[in-house]
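Have a look at this one.
All chains are identified by letter, namely A, B, C and D, in their written order; residue positions are counted from 1 within each chain.
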Amino acid sequence: MLSLPIFLVASVVKIVLVIFILLTAVAYTVWLERKVVGHMQNRWGPSRVGPFGLLQPLADGVKFLLKEDLTPPHVYRPLFIAAPMIAVICALTSISVIPFGTAIPVAGHIIPLQITDLNIGLLVILGVTSIGVYGVALAGWSSNSKYSLLGGLRASAQMVSYEICLGLSLVGVLIVSGSFSLQQIVESQRGYFWGFIPKWNIFYGCQFVAFFIYLMAAYAETNRIPFDLPEAETELVAGYHTEYSAMKFAMFFMAEYANMITVACLATILFLGGGNGPLFGPPLLRLILPTFYFVAKVFVFLFTYIWVRGTLPRFRYDQLMAFGWKFLFPLAIANLVVTALVVAYRS
Amino acid sequence: MLHLVLFLVFGAICVAGAINLLVQSHPISSALSLVVVMASLAVEYLLLGAEFVAAVQVIVYAGAVMVLFVFVIMLLNAGVEERTKGSRVALILGIPGVLAGGLLVAWVLIERTGTATVGLGALPGFPKTIGNLLFHDFLLPFEVTSVLVLIAIMGAVVLASRPEPKNPEKES
Amino acid sequence: MNPTLPVGADYVRILPEIVLSIFGMAIMVLDPLVDEKKSQQLLGGLGLIGTLAGLVSTWIMAQSPGFAFWNMVQVDGFSVFFHVLVIAIALVLILTSYEYMAVQQLRAGEYYGLILFGLVGMCLMSSAVELVLIFISLEISSISTYILAGFRRRSATSSESSLKYFLLGSFATAFFLYGVAMMFGATGSTNIDAISAALNSGKVPLLAYVAMALMFVGLGFKVAAAPFHIWTPDVYEGAPAPVVGFMSTAPKAAAFAVLLRIIFEANAPGRFWLIWLSAVLSMTLGNVAALVQDNVKRLLAYSSIAHAGYILVAFAAKPELGAPAVMFYTAAYAAMNVGAFAVVSHLANENERYVTLENYAGLGRSSPILAGTLTIFLISLIGIPITGGFFAKFYVFSAALQSNLVWLTIIGVINSAIGAYYYLKIIVVMYMREAREEVPVLPIPLALRAALALTLAATVYLGVVPGRMLTFVQQSAQQLLQAEHTSAREQVGNAAVPRATQ
Amino acid sequence: MVPVSYYLILSGILFSCGVIGFLIKRNIITIFISIELMLNGVNLSFVAFAAQWQHLSGQVFVFFVMVVAAAEATVGLAIIIAVFRTRETLNVDHVNLLKL
């Protein structure tokens, strides 16, 4: 245990660091997306600002800050302003229970690479995400315009529906690892079976079906293609954020990408063994490697996100709902039952 | 000390949210005030050690039930509440009655619990212990809730789906 | 933690509930699969078989009395009685609904499913001995009745009645729940036996009185006792007629079962004046308001408030006299009221057009059978000898007299006399008055005949040979009251002083 | 250390606010929201009593209350939608076909 002052100092440093890294990551995920999608479509993507357009996110940020912040006269002001804040705060909060790697020694103290480890870490993430729905729903409602309202309605219906599948897909992992604490879930996936296959939940826990469900539900939760109905440009003129501009719009943007990163982190932790991987080399490398593995896995996940966006068309709304309720939901239940049986048999 | 301060702060937020719920005239503001009340109640649960309850409170209550409310308010495009006659009668008769009843109950509660105090995290409700209780001692109620949920689903489908227009409404 | 699993006996003791939910699910699954024209007969038939199977399984359950699921439910004569009662009511309801649903052009599947699921709740209410389970089953039964009340979806009155029932119902539920919470706070347990043990040992905390009062608010609402009766006339007027017959008897009977358990078995404190007042108010308000009604459903609604009042009189009496009287009364009332509503729902016709008193004029000539049956139900509701209503009232008032509740008895008898007026008014209208407007009387289908025959038989049986029923209710009441003493010794378990630091 | 009665009184305040809301509010949805507030108040007292008696069952009840509240919300909102379809209003005083 750390003493209180050190704990406080460490926490503040960690929070600042994590937020800084997260925001940078958000900015560069946007860059990555533009670049990758560009290449997929035989374009260059951003290439003018800095080498390979690497400074583009910075330019974008400056643009958002300097733009005039319009608030249309017909909106319901308090909620119109609060909505993007809710969205972005919820998106940033959920990162706080994610473990990025093993504990590292700093000046004689062992400091875990995680802002806080809670017994109910996973539930905190789920709770915060479920509050995040309000951001979108209220944005749609308070804008007082039909496109926004439809977008908001669609978004809240979609997110509530897919949250169920998301939650159910996680239950399988919980049964296998027996804890809500993300640290312990990662711990439980350490080691190998049959000599070489890592004991990740996706392999050892037979959670590949759950992983698939999680993937689908996560895409829907973050309103990404092929489930980006709430903000479908062609039918809803960008949906719930039609009326938003400048910084408020940027907040939604940030929230979306921060959510993507959280979802990717969560997938890594729950299914892909978190920071687990082969450790070798000198002690310093051994300390850094878990974090490296973690980031690499998250990157793969983010890349898949972008890849899917570049490849798949959008669903129709009824198809989306039918897919969620008639396919994913029964599948998740079946997975749950099978997992429970397997675990009961093993013990 | 920390416990008391946290209790008071979040208790105050709770009460403020509840009063705001009463004062606001738009249903969506009332619904959001209730979300605030629920979130700060979750903190109160945490103070009492009921961490699992707190998490479920946020996920189920604030995150699902209230979203449903907001959704319906958006769907029906509910506007600002009209003040009609009935409300004034209830205002004059109801509030003093409720306050008197509340005072009586408060007095009784204090009489019973006396000066008993609870510490921070007095009764840790870990998911595991709660689960054991839920799937053993409370197994039957737990299973019976599935019937309840089934009824709720059927009811929602029956009532909210569009009635078949075979026979147009003729009653007054 | 004790890792034991429930054993076979546990399941046998909730067998009727299991059987009913299986049939409910079967109906639910079959509903989209069968042709809509046939669905009425097929699913209704399945519901009918479900209730019959429920009755059979109740018989099996009755063979193994005792506790199940770690003191959650208790099977004894008392719970068997109420199981049989509510399932029988549902059986008659399904028989009545056959024709009604077809005439009103309503979809069948969910209707029968909801009835069976609601029954699960009502059955559990009668056997549960744990407040939490009671709460959940109470909700199952109420939520299914909220939905059933709004089942005529094309009609604005029906959904309005559903809304009122729902809003006031959940309001009352919240009070009941607060009462449960306080009972938990006062005694440290929610098991009725443990509560009774805690309350009977030493000074009863004031909190328990408040808890009792709050729980009574919740249950008083469910049984439509004054002053928690305001919803009754509106809801009964708007809801589908057979459903009204159902919800004025079955959920009420189950709620009375809960009241019996809480009040008598737990030996609840401070109940006397609460019940006295509520009984007097219910009888008087119900009967006086019924005098001026011209809608038959509304009239019967007020009459049901009055009858709740009569039943509450028995609650004020000594437990060993009151409990059997309550049970007998609920059974008799169920028979006659369900029967009366079966007639009402047959006459109501499409969109429930014919439900005013005026429409009953000349019924004695146009349909002597219906008029005759309705007359018998009405004289039973009045409490005239050779019908069940007479003995029901007789036992209630004699129980009250033997407990020295002279005033309550006098008020009750006066009220019965007032009540006679409006019941007789219907009979007079049916036989003496000429119809001003032609009211078509549909032919009586077989199912409805069966329903009427059953209720009629029950009414007359209870009125002519009440002996067997009486012995049975007395025995089961005895079991209920004894349970208090035996189990109080067995499991004083967690009832102790608050362990929080002082 | 905080007296249990503080928690209980907070729960009582929330419950009373719910009751008052039920009485004075005219919008059906807001009335329903007030009922939810009452249930929340009850939940707090369950948890507080559980801490006082050191008896976890109090916390388990909260889950059941939540399930019931969720079920009630589903059905209640469906009923509200049904009423809105036939009457086009959300004011309880305008929903008056059946005289009170």
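Just so we're on the same page, a residue touches a chain if its C-beta (ideal position, glycine included) is under 8 Å from a C-beta of that chain, and two chains touch if they have at least 3 such contacts.
The model shown is predicted, which means the values in this text are computed figures rather than measured ones.
Student: Which of the two pairs, B-D or A-B, is linked by more C-beta contacts?
Tutor: More C-beta contacts join the chains of B-D.
Student: I'd like the Å distance between the centres of chain A and chain C, where a centre is the mean of that chain's Cα atoms.
Tutor: Centre separation, chain A to chain C: 52 Å.
Student: Could you grab the centroid distance between chain A and chain D? Build each centroid from C-alpha atoms only and quote it in angstrom.
Tutor: Distance between chain centres, rounded to whole Å: 34 Å.
Student: Round to the nearest whole Å and give the separation of the Cα centres of chain B and chain D.
Tutor: Centre-to-centre distance between chain B and chain D: 5 Å.
Student: Please work out the Cα centroid separation of chain A and chain B, and write it as a whole number of Å.
Tutor: 29
Student: So which stretches of chain D touch two or more other chains?
Tutor: 1, 4, 8, 15, 18, 32, 48, 51-52, 54-55, 57, 60, 64, 67-68, 71-72, 75, 79-80, 82, 85-86, 92, 97
Student: In chain B, what residues contact two or more other chains?
Tutor: 52, 56, 64, 68, 73, 75, 105, 109, 113-119, 122, 137-138, 141, 145, 148, 151-152, 155, 158-159, 163, 169
Student: Could you tell me which residues belong to chain C and also touch two or more other chains?
Tutor: If we look for residues of chain C contacting two or more partner chains, we find 132, 136, 139, 143, 146-147, 150, 153, 155-157, 159, 162, 182, 185, 498, 500-501.
Student: Which chains are in touch, pair by pair?
Tutor: A-B, B-C, B-D, C-D
Student: Touching chain B in the complex: which residues of chain D?
Tutor: The touching residues are 1-10, 12-21, 23-27, 29-30, 32-34, 36-37, 40, 43-44, 47-48, 50-52, 54-57, 59-60, 62-64, 66-75, 77-82, 84-86, 90-94, 97.
Student: Along chain D, where are the residues that touch chain C in the complex?
Tutor: Checking each residue of chain D against chain C gives 1, 4, 8, 15, 18, 22, 28, 31-32, 35, 38-39, 41-42, 45-46, 48-49, 51-55, 57-58, 60-61, 64-65, 67-68, 71-72, 75-76, 79-80, 82-83, 85-87, 92, 95, 97-100.
Student: Hey, which residues of chain A end up touching chain B in the complex?
Tutor: Per the touch definition, chain A meets chain B at residues 79, 118-120, 123-124, 126-131, 133-134, 137-138, 140-141, 149, 152-153, 156-157, 160, 163, 180.
Student: Inside the complex, what are the residues of chain B that reach chain A?
Tutor: My answer: residues 28, 32, 35, 39, 51-52, 54-56, 58-59, 62-64, 67-68, 70-71, 73-75, 126-127.
Student: Considering only the defined contacts, which chain C positions touch chain D in the complex?
Tutor: 132, 135-136, 139, 143, 146-147, 150, 153, 155-157, 159-164, 166-167, 170-171, 173-174, 177-178, 180-182, 184-185, 188-190, 230, 233-234, 237-238, 494, 498-501
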